[in-house]
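Only one structure is covered here, and it is reproduced in the block below.
Chain nomenclature is as follows: A, B, C, D, E and F, assigned in order of appearance, with residue numbering initiated at 1 for each chain independently.
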Amino acid sequence: MPYVNIKVTNDGVTPQQKQRLIEGTTKLLVEVLDKDPATTFVVIDEVDTENWGIGYDQVSELRKNKGD
Amino acid sequence: MPYVNIKVTNDGVTPQQKQRLIEGTTKLLVEVLDKDPATTFVVIDEVDTENWGIGYDQVSELRKNKGD
Amino acid sequence: MPYVNIKVTNDGVTPQQKQRLIEGTTKLLVEVLDKDPATTFVVIDEVDTENWGIGYDQVSELRKNKGD
Amino acid sequence: MPYVNIKVTNDGVTPQQKQRLIEGTTKLLVEVLDKDPATTFVVIDEVDTENWGIGYDQVSELRKNKGD
Amino acid sequence: MPYVNIKVTNDGVTPQQKQRLIEGTTKLLVEVLDKDPATTFVVIDEVDTENWGIGYDQVSELRKNKGD
Amino acid sequence: MPYVNIKVTNDGVTPQQKQRLIEGTTKLLVEVLDKDPATTFVVIDEVDTENWGIGYDQVSELRKNKGD
């Protein structure tokens, strides 16, 4: 019955990438802990870069400054 | 001072249904644990079916396949 | 597929009270949103009063001051 | 390596206010616990007032009633 | 800068199994989304079976009844 | 009505340090967003270093290797 929450910045993650994250995480829990995939939840949160901070700054600002 | 977070898929939950979830959860905490409703928070997160996985797959895909 | 997280202070919640919280929350989601109980998770976190703050103060200190 | 999640109601928080929350929280963790800002994350969630309940009611409804 | 939270029941997960979960999840985020492992956090929560409910019941009780 | 969750590694954080985190975070929300401290919650989670991963590895192992 694992529950996994993945938070990433909102950078145009595609449905296919989401599917790979869900499948890969579930496989990992089955392989490492023998969990039942039928009751393994994976929830992905996409967070605006303006709402994510690291090293005192918003990711949105860090990217502007780095030309990233 | 309880804090409750309810995550459900984003399926057109109405304001009235949200109100019932908030009221019901708060009542439960008052009845079972004698908590003060004035400091009982209930936060509802609605998650896109594309971002919720169960049994290796996205809920969005599971519904397509089941004609659900 | 709802996921519910209930955070309460660690005040000797009994197994029976936990069972009532789990049962009541699940029933609410079935009644209000027609969710499947077989894939409804409820996770209870018990938090030390020293680690929970409200109104600038730790709950542990608030209780000392109020003789509560 | 702290991770901080700040949930507030979705009331037009400006990018500048978000930046101040991120900077202030990170400074606090550096000052109090000597944490490395380079691996201090702050994630802000803005929650619709319809999805936040307190004292049995949705914040959206409480504000209507109070003319707030 | 992903943040991943894995919640599992508290069933004697070994340090080696935790390491495999951390390594596997981080690899997945690097492969699928090209994330920087240096700022990828994985936090594992081990939850008492008494505090985890599914299908109206505590996992602790479900296991007793199933001789599991 | 903000809710703040601070996750740090379990490194002997003292009650005084916790109080400073709670007070500082609450002040920040009052100053930046004019929130009511009476309904501002701060919850601190202390996570075992064995359960926190960064850069593919457990913090417990990283510290051994660095003599930290």
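The criterion applied here is as follows: a contact is a pair of C-beta atoms (placed from the backbone, for glycine too) under 8 Å apart; a residue touches a chain by one contact, two chains touch by 3 or more.
Quick caveat, the model's predicted, so the values are computed rather than measured.
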Which chains lie in contact with each of chain C and chain D?
A, B, E, F
Measuring between Cα centroids, which chain is at the maximum distance from chain A?
C
Counting C-beta pairs in contact for A-C and for A-D, the higher total belongs to A-D
How many angstrom between the C-alpha centroids of chain C and chain B?
14
Whole-Å distance, chain B centre to chain E centre, using C-alpha means?
21
Contacts with two or more other chains, residues of chain F listed in rising order:
1, 3, 7, 21, 25, 39, 41, 43, 52, 54
Tell me, which pairs of chains are in touch?
A-B, A-C, A-D, A-E, B-C, B-D, B-F, C-E, C-F, D-E, D-F, E-F
Contact residues on chain D for chain A in the complex?
15, 18-19, 21-23, 25-27, 37-46
Chain F partner contacts - residues on chain D that touch it in the complex:
1-9, 13, 17, 20-21, 24-25, 28-29, 32-33, 35, 39, 52, 54, 59
Residues of chain A defined as touching chain D within the complex
7, 47, 50-58, 60-61
Could you pull out which chain E residues touch chain D in their complex?
1, 3, 39, 41, 43
